[in-house]
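Letters A, B, C and D mark the chains in the order given here, with residues in each chain numbered from 1 onward.
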Amino acid sequence: MPDATGLELIAQRVRESVGDDSVTDTIFYRGRATLDVAPQSVHDVIAYLRDDDQEPWDRLMSLHGVDYLPAEPRLGVHYELLSMERADRFNVRTRVGVEDPRLPTVVDVHPTANFQEREVYDMFGVVFEGHPDLRRILMPEDYEGYPQRRDFPMGGEPVIYTFNEPKLPRWYD
Amino acid sequence: MTEALDVPYRERERSVTMESIGEEHDELLTINIGPHHPATHGVLRLLTTLEGEIVRDVTPIIGYVHTGIEKSCEDQQYWKVIPFVERMDYLSYYFNAMAFCLAVESLLEEEVPARAQWLRVIHLELNRIASHLFWIATGSLDIGAITMLWWGCRDRDLALDLFEMSGGQRFHTRYFQVGGVIEDIPPGFEEMTRKFIKTMYTRIEQYLSLLDRNEIWLQRTKGTGIVPLETLLQLGVTGPLLRAAGHPWDLRKAMPHSGYENFDFTVPVGTVGDNYDRFRVRVEEMRQSLRIVEQALDGLPEGPYITANRKVALPPRHELATSMEALIHHFKLVTEGFRVPAGESYAAVESPRGELGCYVLADGSSKPARVHVRDPSFVNLQALPEMARGHLLADFITCVAMLDPILGGVDR
Amino acid sequence: MLKSYLPALVFLLLGIGIGTAFTLANYALGPARRPIGMKREPYESGLPSDVRKSFRFGISFYLIAMLFILFDIEVVFLYPVAMKLEVFGVFALVETVVFVVLLLIALVFVWRRGALEWK
Amino acid sequence: MEVTRTKIDGDSLRVRQLKAQQLLRGELEDADLEREVEQRLLFTKLETAQNWARKNALFPLGFGLACCAIEMITVIGSPRNDLSRFGAEVTRFSPRQADLLILSGRVSVKMAPIIRRLYEQMLEPKWVIAMGACSSSAGMFNNYAVVQGADKFLPVDIYVPGCPPRPEALIYGIMKLQDEIMGDPSMGWRERYRAEGTEEIA
């Protein structure tokens, strides 16, 4: 795991090559290095990290979405990068608002992101531009709403325990 | 619900278009090797376009056993999340619980005592053997060796007896806790495990004697389902599939966690990368796991089986009668659960199907804000169309068998 | 003349009788429930099937079917000979051997022509 | 069908065999013949005979959903506790040849229409076992993705509790189903324990 200084170096290199405003923040917490990236430059940062950086991060292990509800740019997308030569992990994170959740796809850089981006679209509603086949993957095709957002109701049925339910129907409402 | 079915199914599956196959054939048949099928190891739907016996195009369509586990986890306290996470990849349940516990422990910066780590390794490797046994049972059933189903299930029952002895139940035992293990192993556990190891060595010879010199098995598995190593790496495939193609990437060796560094075992690596190599790699992995369990039993350290930090671990029952603090800790843990400081963590474990990572986002309360499990079968499934295009339908079924997808993990 | 064919006739009648008995028994013994919903639909692993009636199978299936008929039905001719071998004597034995050798030649020809590989 | 068992020692067994031999050869006269036939024959209704035949030849539909499917395959596949003792170990994968649907696992919203279609395509008479907590009542997954109990869209005969239920529990469930097929009055625990007031609230 690149330590705090290593993270700053990587951030510095990314800023030089990809663009000054691409890296918004670097977080090093509990031994985990996270690079916050501006939404539109995700594709370039990941491509840079894979190809031209001197310490390449050549494998994308996991791509998943998160809903930081109270925090403002609500939807976050994480890219867990792994370098097999150095047996090291690195995390790139972007934050996207709910009003227009648009992100450039990384399927051309890492083909493994195909299913995982479809799952983030299905569960959180983040649209990945340029994805070859962006459809719902887990929910039925014609399902409305994005189930894993924190404001989406949990669903299911209220469990009825009381013995006086017949007398006071749905007292818990 | 019925009107959703009147919409003709084909129009809604826009992804299977004929362009990818080139000129128009009137003999092309698009059928569903669908959710209910003997060879799909669960409810995986493979929309395949066939030209006679040759598979032209495959589109895996999943989601038929999606249970919204990750959403349910956000509504549970930390120690109640473990049963949910265990039911994702229901053949390697210890690995799910392990990944989650590692993630939460790294957030809490909790130090797990040595005995707990070794107990965890014993149960992880026994679970790997049980998972591979079930794979060899149903995988060879798909190819036609019915005997393997009885043999595989018979020996798998022995392993499940061990889980029942230590964890109380055959499946989803919730034996792993955040900070260690819930209970020390009962006295007779060690002898039964050693007896199991002795029988398993001979049983693996039996499997190989039945399958390895069987001409039908060799012709069905040799040379089928070959995918170049570079494509596998780009598709993010990990686990036996990647090792069979010649890339020795095993998280237990590369990034050892919870005591794997003090066991010596070898990582089996294939050469050609076809179905036969996948078969041999998994069978060899069973032997290596037996060796690990043997070494772990020999050198099992003494000491506590769970962390002494009472903020996280329940105090032992007998202490409740005497000490007031234990009672308060017990009450606090049982009613509200322990709080995890805000932060994120991602921990990965080498499950029988590949890298199984668990991402936990904690917001300081006693319930995780987000639990995501990176399931190996979900990612490995993308390599299936690469294996099947242009080959016979029979080889395609062998590829699905050797890919060993677990649909609970794929659909979460 | 009729005497010698009686067993064959009885056998035929029995076959037809048992066959129709089983098919009709279903209506007599089975529960009288009207078929509901998609009972008539073709089964395609639980999904509505789109295979058009006009779909024609490839030529290779036809070839395999022909080869099967050619080589597998010959076994039927060996049964009567095998039953009564001692009555027919050595002549029948030689005849069946010739018959099998002819088949082998045909098999080698087909095999060399590559009709057995799946195209 | 009450069956009384009497102890047969050496010589009376020999006598019985001789008597049966004479019966088959037709050498018995009227009094002996009457008594022998009386002991040997079994009179039953066609209905009971039919149910008895159906009970002992259940063809489960090979239908795995989730973790309970692994236990179901272990019940069918493992020699320790297998289903062939009840004549039910032949799992047919086409609904046209199956008459018992074991719902082993969680029924997701996307899978429900497919299960309904399979159920309708199955042979008559058909039975449904909801194996495990998830198909009986969606178990612990009280959320948007799981149908809250398979009896919302299927008539379920037997609910097998457990998550996953032990193989012996599933076999006990199948034995209970066999009793139900025979129309055994012992089914229905509410009547047996006179448990008024515990009916489910629909």
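The working rule: a residue touches a chain if its C-beta (ideal position, glycine included) is under 8 Å from a C-beta of that chain, and two chains touch if they have at least 3 such contacts.
Predicted, not measured: the structure shown is a model, and the values here were computed from it.
For the pairs B-C and A-B, the larger set of C-beta contacts lies at A-B. The distance from the centre of chain A to the centre of chain C, each centre being the mean of the chain's C-alpha atoms, comes to 59 Å. Computed centre separation for the pair chain B/chain C is 45 angstrom, with centres defined by C-alpha atoms.
With centres taken as mean Cα positions, chain B sits 23 Å from chain A. With centres defined as mean CA coordinates, chain D is found 35 Å away from chain C. Each of residues 46-48 in chain C touches at least two other chains.
Counting only residues that touch two or more partner chains, chain B has 4-5, 34-37, 63, 66, 68, 71-72, 411.
With touch defined as above, residues shared between interfaces to two or more other chains in chain A number as follows: 139-140, 147, 152, 154-155.
Viewed as a contact network, the protein chains fit none of the simple shapes, being neither a path, a ring, a star nor fully connected.
Listing the residues of chain A that touch chain D in their complex gives 139-140, 147, 152-157, 159-160, 163, 165-166. Of all residues in chain B, those touching chain C in their complex are 5, 8-10, 26-27, 29-37, 45, 51-53, 392.
Against chain A, the residues of chain B that register as touching in their complex are 4, 7, 12, 14-15, 62-63, 66, 68, 70-72, 74-75, 106-107, 109, 233-238, 247, 249, 254-255, 343-346, 348, 355, 357, 359, 361, 369-370, 372, 374, 378-379, 381-382, 411-412.
Across the complex, chain B is touched by residues 62-67, 69-71, 73-74, 77-80, 93, 105-106, 108, 110-114, 116, 118, 134, 140-146, 153, 163-164, 166 of chain D.
Every residue of chain C that touches chain B in the complex is listed here, in rising order: 44-51, 55-58, 60-61, 118.
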